[in-house]
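Next up: the structures, one after another.
Here chain A shows up in two complexes: once beside chain B, once beside chain C.
Moving on to the complex of A and B:
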């Protein structure tokens, strides 16, 4: 089948794992690199992720898209790199909570300012 | 799998697109646009609707970055119980989402995820809906009935939504009351008309959604 290429790669990249070491990553979890961490021991894909996040913050969705990785794979790599101290994440608003009216008001103000 | 920097979307070049008057994004040589240093909070909204209703156009019109795409290979291992043996095309499919970004203030960024409703059972759909503030359902007056599955899906997920009729050239126009009846909307569900190619019009549609989210009684409860 011609479409197999994209299927094999995730298993290789994540060493065959399906699930990240933690299950708290949201599409809009913000990711940055911890400066000056040694990257010698990292896999090429892990190193690419650290390199990408060295220059500023991005959401997990952006990280996956820029690296051309399926989201599920990016989550596994991100979990590893948080565990190893290479990447830092900032959670968006917790998924279980309803947005506060203050947050919605900020969104509304920001959108109105664009008109 | 990002769209190339020069890729063309319908109506791509429009004056005034992508000019957040906050921290100008830090763009590196590879074309990656990083968030401003002060961004503390990221929120997401879904832009959904049936096939070819204008989701990608809508996201592209509002996004300050060239819209990005992620793809997820899916193995359909559990299509049906009686399919366990001899399935000739144990199909693998790819599901994709397009998304864009709007920096709303020094500290707040909004992501818009273009979510195809037919991906309802995929992890990607779960990822898009989990924690989303709400959804904007785009509809097309030429096939209003195609909007029902996606509205049902949002209701199943308990995700509040507004409906925006995307104006297509030559599509029939209806009075609001007719549209509401045809779409079987609750009186409280906002219904607006928009042009997904027009930045101001698309922004106003999002404003209607967020205004609705803010006025819902649930929004006032402490998180």
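Moving on to the complex of A and C:
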């Protein structure tokens, strides 16, 4: 954040809001930036959030940690940025749709054998 | 016989003449006495009057304000010893009053300083505790309450800090150099009506670390004044303006403004021309300008409030000279995710967001893939035929992660393709495993 973490308090970051505009976010929500959106009107934290996510998907927990903000505050900002079209979120793929653990274990074993 | 009466007549005449002369002399003497008596009476009256004025007007005025000295005396008494004595009384009295005041001020400051230091410590401790709670809890309702407590605590801390500064302490916390924008937002954090403050411009300048807290405090006092003296439905506008040899923070409110006398007084306090006396701040105490004046003098920035804002209220300008400014440290937006976030970035979903440098198991019981860069061999169309091929990629894991995240779309597509081929190959190797 350039400066001190305690300098700008979270209520100024969210302008007093505490509820994200949508309640679908959690720790592992993956966030990616929509490229080439104008960032002039965004607050410094929002701008940094967009910057962080331009290089690839990042989980919300990581975004919050990098910004030095509490997760709940990051959710509020994320809600705004998703609404304004700067960021896209993707829920993690449910475990049921993944290959079974046994398959992956086999792959791993195969890799180990080759190593 | 006629000579006798004639002689008597002459005698009488002479006597009469003498009596007349005596009478005139007597009368003149009486007049002179009367005049001098009247003069003396006037002087006595004047002295009484002057002594009375000394006791009831001049000394109390001295005792109360130590500034206004009513003009010396009556023309009747000018230059007399009496006047000189009175002047000496006044002088000694003024000296005694000043000494008593200095002593009272010093002891008040010392007492306040001690008391406020404890309060400041508590406010800081509480802020740390609140920040930790904000990190720990993740429900909007809890966040709302915490934000409220945080807000109240920040205002409390600012008040304590202001009193401490007035008593001659340092503003307290040591901070790292911070962007001017953050300094203003930090100031905004500490006032009641922060939602009404709008920061309009952004400049790429930062405040050096030793000046961060003082400038935050001074700007906070100005913002608080601006918000307090304007209607609740108006906004307080803040603009940042780079100048030739510094930068300005311009605060405009749409409030009631100040009259010339208030402006003059504020000017004296802000430039430090007028010393601040903690025993004379009024009730309720008004120390905003006094605090700013002390900070401005101590840290070498300038504050003026003598212009009108375009909205009819006051325009306050904080001028920060170049000595207090520095360049914004390149925000680590590019460097940070590469260095720290890369291991944690998942191309496959995972249950735990924290970096997992080595294999383990996720909550879902899946083995976690160890991040290997850059899996180059898989990108060759001829290579991705057997599940063993990633071994070659693994040996190349030494390639820098930094470059890995700069890849373009085509590269990403190649990697995903390689992953798909790898999985397919894996399934083909043992068909019984396919779900």
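By our rule, the second predicted complex is superposed on the first by the 84 of 115 C-alpha atoms of A that agree within 3 Å, B and C clash if a C-alpha of one lies under 4 Å from a C-alpha of the other, contacts with A are read in each partner's own complex, and residues count from 1 in each chain.
Rule of thumb we're sticking to: contacts are C-beta pairs under 8 Å (C-beta built on N, C-alpha and C of every residue); 3 or more make two chains touch, one makes a residue touch a chain.
If you're wondering where the values come from, they're calculated on a predicted model, not measured in any experiment.
A.B. asks: One more residue to check, A:48. First (chain B), second (chain C), both or neither?
C.D. replies: Once the two structures are laid over each other on A, A:48 reaches chain C alone.
A.B. asks: Once the structures are superposed on A, label A:28 by its partner contacts, choosing first (chain B), second (chain C), both or neither.
C.D. replies: Both chain B and chain C are touched by A:28.
A.B. asks: For A:103 in the superposed arrangement: first (chain B), second (chain C), both or neither?
C.D. replies: both
A.B. asks: Which residues would you name on chain A as touching chain B in one complex and chain C in the other?
C.D. replies: Comparing the two interfaces on chain A, one with chain B and one with chain C, the shared residues are 1, 3-4, 6-7, 10, 27-28, 30, 52, 55-59, 61-62, 66, 70-72, 92-93, 95, 98-101, 103-108, 110-111, 113-115.
A.B. asks: Show me the residue ranges of chain B that touch chain A in the complex, using the header's touch definition.
C.D. replies: So the residues of chain B touching chain A come out as 1-2, 20-21, 26, 28, 30, 32, 34-35, 37, 39-44, 68-73, 75, 92, 94, 99, 101-102, 104-105, 108-111, 113, 123-124, 127-128, 130-131, 133, 199-200, 203-204, 206-207, 210-211, 213-214, 218-223.
A.B. asks: Along chain A, where are the residues that touch chain B in the complex?
C.D. replies: It comes out as residues 1, 3-4, 6-7, 10, 26-30, 52, 55-59, 61-62, 64-66, 68-72, 74, 90, 92-95, 97-101, 103-115.
A.B. asks: Within the complex, which stretch of chain A touches chain C?
C.D. replies: These residues of chain A touch chain C: 1-12, 14-16, 18-20, 27-28, 30, 44, 48, 51-52, 55-62, 66, 70-73, 92-93, 95, 98-108, 110-111, 113-115.
A.B. asks: Given the complex with chain A, which residues does chain C contribute to the contact?
C.D. replies: Listed in rising order, the residues are 127-128, 131, 134-135, 137-144, 147, 150-151, 154, 173, 175-179, 181-183, 185-186, 188-189, 194-195, 202, 206, 212, 216, 328-329, 331, 333-334, 336-338, 340-341, 344-347, 349-354, 359, 364-367, 387-388, 390-391, 394, 405-406, 422-423, 426-427, 429-430, 433-435.
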